[in-house]
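Labels A, B, C and D are assigned to the chains in the order they are written; within every chain, residues are numbered from 1.
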Amino acid sequence: MKVKPKVVVNGIGTIGKRVAHAIKLQDDIDLVAISSKVPNNVIKTVLEPNGFLYGTDLYASDLEAYNEFKKAGMWVNGTLEDLLRNGAVDVIIDCTPEGIGAQNKKNLYEKYGVKVIFQGGEKADVAETTFNSFVNYEEAFDKTYVRVPSCNTTSLIRTLYTLDQKFGVEYVFVALARRANDPHEYKKGPIDAIEYDLHVPSHHSIDVKTVLKHLNIFSLAVKVPTTKMHVHMLDVTLKRNVSYEEIIDAFEKQTRIIFLEGKEYPATSVIIEKFRDYLRPRNDIWEVIVLKDLVHVENNKVRYIQAVHQEAVVIPENIDAIRAITGIEKDKWKSIEKTNKSLGILK
Amino acid sequence: MKVKPKVVVNGIGTIGKRVAHAIKLQDDIDLVAISSKVPNNVIKTVLEPNGFLYGTDLYASDLEAYNEFKKAGMWVNGTLEDLLRNGAVDVIIDCTPEGIGAQNKKNLYEKYGVKVIFQGGEKADVAETTFNSFVNYEEAFDKTYVRVPSCNTTSLIRTLYTLDQKFGVEYVFVALARRANDPHEYKKGPIDAIEYDLHVPSHHSIDVKTVLKHLNIFSLAVKVPTTKMHVHMLDVTLKRNVSYEEIIDAFEKQTRIIFLEGKEYPATSVIIEKFRDYLRPRNDIWEVIVLKDLVHVENNKVRYIQAVHQEAVVIPENIDAIRAITGIEKDKWKSIEKTNKSLGILK
Amino acid sequence: MKVKPKVVVNGIGTIGKRVAHAIKLQDDIDLVAISSKVPNNVIKTVLEPNGFLYGTDLYASDLEAYNEFKKAGMWVNGTLEDLLRNGAVDVIIDCTPEGIGAQNKKNLYEKYGVKVIFQGGEKADVAETTFNSFVNYEEAFDKTYVRVPSCNTTSLIRTLYTLDQKFGVEYVFVALARRANDPHEYKKGPIDAIEYDLHVPSHHSIDVKTVLKHLNIFSLAVKVPTTKMHVHMLDVTLKRNVSYEEIIDAFEKQTRIIFLEGKEYPATSVIIEKFRDYLRPRNDIWEVIVLKDLVHVENNKVRYIQAVHQEAVVIPENIDAIRAITGIEKDKWKSIEKTNKSLGILK
Amino acid sequence: MKVKPKVVVNGIGTIGKRVAHAIKLQDDIDLVAISSKVPNNVIKTVLEPNGFLYGTDLYASDLEAYNEFKKAGMWVNGTLEDLLRNGAVDVIIDCTPEGIGAQNKKNLYEKYGVKVIFQGGEKADVAETTFNSFVNYEEAFDKTYVRVPSCNTTSLIRTLYTLDQKFGVEYVFVALARRANDPHEYKKGPIDAIEYDLHVPSHHSIDVKTVLKHLNIFSLAVKVPTTKMHVHMLDVTLKRNVSYEEIIDAFEKQTRIIFLEGKEYPATSVIIEKFRDYLRPRNDIWEVIVLKDLVHVENNKVRYIQAVHQEAVVIPENIDAIRAITGIEKDKWKSIEKTNKSLGILK
């Protein structure tokens, strides 16, 4: 019997709590602990008897955090460094806020030689490779530091890689209408405005190229007053003429991409409701949604609209990345299938 | 062994789908079928193999609806009238849109003598009694038509009845900041405005009095651009002076009312997230949330703020109403406890 | 001395009231009356002593409307047909809701042979030509029916015509993030969702081609929860390579297009505030705003973001269209200059 | 001829720019300069040839600010301290952000003995008296430091003082649905949530009592996702029974309170549009709006809803405060009338 890799999730926010939950659903990976900085209501809730991480060992990110937890009257096993010192950890999934991951690497992870999976909030150079299950699973085998890019980037890679593999992509322009903040937040706006991304191109197309290195892609982005999902509008030029049926077939055969009819699901709120009705935990949508009747094909041009659940879409790739970085599964499609099945991904 | 009452839910919208789901969790009530008017995405989703009503018999509300379902390629067992004609139904939970329930009563329900539980969208006179589990459970025993009032009304009754029982309520003023629409909707506004209820008093205080008949209460309401929860601000004058501790104790000992700290849950979005993290189906909150640290007591005045999850709060009362109207459980507290346990209500 | 054309504005909503106001600022055009369907608060406000149309003759759209105005206790001179029968009208600016203009044409305008300027809510075939001051001013000289396209279309034409004239446009992809409704509305959503346009391409690119007939353009659109401005994200392929300076220069030299720096005006709300601070009536922005520092040029590709004040941007073209359709000014640039000066357009 | 008091507005944000504008409309007060901290787009816009403060002398708040302005290439006359040293200032209107006013007092104003009018963002003890034109105009005559309370407080004082004077107020409960941020902002939320004020009572009722010292009032507040206006829901207990007509008459006869019909203006967005149509600068509403048909009177209870334009409502009181603190006008009603007329206040 294989030994299960021992994994710690450091940072229990929007992504971290979902990764920890997903790990608990795997039969070949062990969640040995979670680690957190502040005794906030999220950490308290998930560790309550009703919480999905009830019984999981909790470590404090550092000594200061340790004292905070103590002061809040919470049980905490020690600091993350205590745990690492014992050598009982194979992989850390770093889900700390933007930029903290890089500091953790320098101050802590490098010292103990632990393998780390970073998130898209970190710059690409924090890791040796930016990871996507479809594209470069095998690259992660011998790495110590791997990065799973953000929700927007991962979603773009899923559909564009599919098109590129089948038809060859000449050029992509994508305009992103980004959700302004996550549903649980209340401090950030805008309330009645559209805010444009001041980076041109926006970081999304640059980030896609950390994985699809030769893709010719350009992105512009705006932030809009919603919390539910991002929406991407794409204009893709292929290397050859295609038919609508070919495009539909390509997406249909790919995993983690699903179709909904725009006329039945005309807004992101209606999509989210479908997954509430599936009783998905926290209405998580791990799949990219392509609006089937809104796909438009003309000669070598494909236009399509995809909707992305920013809280959940990168979770499957994080799980695959654990298998890749530890080498417990060498076949990417087996890992993908395992992850999909454990979460209940539709296809 | 007792015979389980046979129940049909007519109308599978925001409330209907939740009532149907809750009935499936009861061991003393049978969901024999659901009935619906249109083959929309909700009905399709809940009946999919992934859906929580998979396998439930579907009937069409009428012949026209029957043809719609057929045209949409969906399996449908017949019309609701076909089912009623067979005499196989004890209770209908009518969750059709505002005003349709009254039409159904006249055109269909009266003809077959079936017992019916209506929702708060219908006028009070559609039923013989407006129902609250705490207040008048026993009144429903010998009735044919019972009505469960709306989310705002039910929530107000829960906390005000509690105060009235313990301390006597002299007068209540409540200002409601109402959510504008449910999370899955996208056609209704306002986007950047506050809309005031043109009824003064708003219907909420009038509706509370259909249950708490002697309560002296006045309400004003505004509609605000959010989808998540209603918020009530109350100024209650009691018949005697009380202490903060007495008020807290009264709410603490009552079921279906729970406390959260305002400083930890400073906005409705943070409350909803807690219940997503509890993995509640569709993040449903069946309990009224009272913000504990925001309760203010001064002589005989109590001010408090409560938050109400409009999609879910009336579900427990609907289940209790089935037991009351069929008489299968004569003790209200036993019904309440049974319902609470089946749903996972916190207290 | 030239005789001034006699103009009536029919329909006093968002566009109609602005057109009527703008006509009052022209010294070569006479606003003889306004015409309206309902005695609502807008018509009352603009005709109050404080209102900018105080003293303007009011006609009712039809007999039913006439009775409505009478019932509301308002002074009304008669029906629009009464006025037309007297032959005292040269041009009607039809600003009635979508589709009503076409009905008016059939039922009323054709009968009296009056010239009419329709708005973009009407289908293109309501008129003999769809009008833009830059592109086809002269085409309107001998026409009876002319149409000024919508705010989105007019704005796209302004910048794309400028690029096409100077550099030749090979292909345009534009993604629109549309405001959901106007600031005074409160019934329409979405509140927390992105709604995608179910037409692919959206009508915007089709409508641009009613004026720029040979332009190769494709548009996708989403509707987002804001009331203030539309935002367009464009990816334009030119027929030759250009420099950033050439593009900036082309826009700089064109009228009705102005630059703001994205880093100083990072959201539509900040743009609107600037024009509130200019004390513009109703903060109207007649110019298209191009974010200068967000213009990106690479070989023959130009990407840019423009913001459009949906309530005001078509007003100048409506005024020019009056001069064109009546032939009182044969030189388009003289009309444009006159209109610009009267309104206070920045350049 | 009287000498006009020389006034400087320090801080050109939402309130400061409006106060400066209003001063320019007075024939008995001199705006000698404005003073600001940062060379942002607001200060640039209002000083442009199109701007309403074109030609006004600009001073930097301090030396650091002076250098910032220089670096930004803007003309700046010196620091505010330079100006004060010259003794050329009688009154400063401090409109700097919350808490900065108190620092300015300590570091700068006290040193030069200049009179200062602070805003409601400062704590009450920054000044010798908190000011309302109706209530305590005369108290300001011999003061050096006066404070004009916030928009919510000023509005509550206007209507409650009117009721108290006429009928005697026994007790007030007010629930505030507060706008989340001003229209030009884009960083602050909440987007889809209601945030409750964690202070119970909220500061509003406490602040009302700094002026109406003996009023028995309690307030609760929530923040909602809108930028346009605050809405207050009031439950007022009077010392005697009154009729609806008496209440309407009392408000009707008071200045700076105006009626609109709720059924014609059912949302704050519709109110704002009315004042855009009046061509008010920046759609400013200096009057408190009471919804006439929503006023409800029963024995000694009055319930009403009022809407408050947060950006503009305190401007008249600031102008009156200049006259009071300098003593140039000893009769409050003459000052009120003068201010009203200069701004175009409806009544």
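In the analysis below, a contact is a pair of C-beta atoms (placed from the backbone, for glycine too) under 8 Å apart; a residue touches a chain by one contact, two chains touch by 3 or more.
Bear in mind the structure is a predicted one, so any value in this text is a computation, not a measurement.
Participant: Return the chain whose centre of C-alpha atoms lies at maximal distance from the corresponding centre of chain B.
Facilitator: For chain B, the chain whose C-alpha mean is farthest off is C.
Participant: Look at the interfaces A-D and A-C and say which one is made up of more C-beta pairs in contact.
Facilitator: A-C
Participant: Centre to centre, by mean C-alpha position, how many angstrom separate chain A and chain C?
Facilitator: Chain centres of chain A and chain C, defined by C-alpha means, are spaced 43 Å apart.
Participant: Just give me the whole-number Å value for how far the CA centre of chain C lies from that of chain D.
Facilitator: 36
Participant: Rounded to a whole Å, what is the gap between the Cα centroids of chain A and chain D?
Facilitator: The separation of the two C-alpha centroids amounts to 47 Å.
Participant: On chain C, where are the residues touching two or more other chains?
Facilitator: Where chain C meets two or more other chains at a single residue, that happens at 183, 185-186, 190-193, 195, 225-227, 266-267, 269-270.
Participant: Tell me, which parts of chain A touch chain B in their complex?
Facilitator: 17, 40-42, 45-46, 48, 50-52, 183-186, 191-192, 227, 264-267, 269-270, 272-274, 276-279, 281-283, 344, 346
Participant: Help me check something: in the complex, which residues belonging to chain C touch chain B?
Facilitator: Against chain B, chain C makes touches at 180-181, 183, 185-193, 195, 225-227.
Participant: Would you tell me which residues of chain A are touching chain C in their complex?
Facilitator: Residue list for chain A touching chain C: 173, 175, 177, 179, 190, 192-196, 198, 200-201, 218, 220, 222, 224-229, 231, 233, 235, 262-263, 266-270, 291, 293-296, 301, 303, 305, 307.
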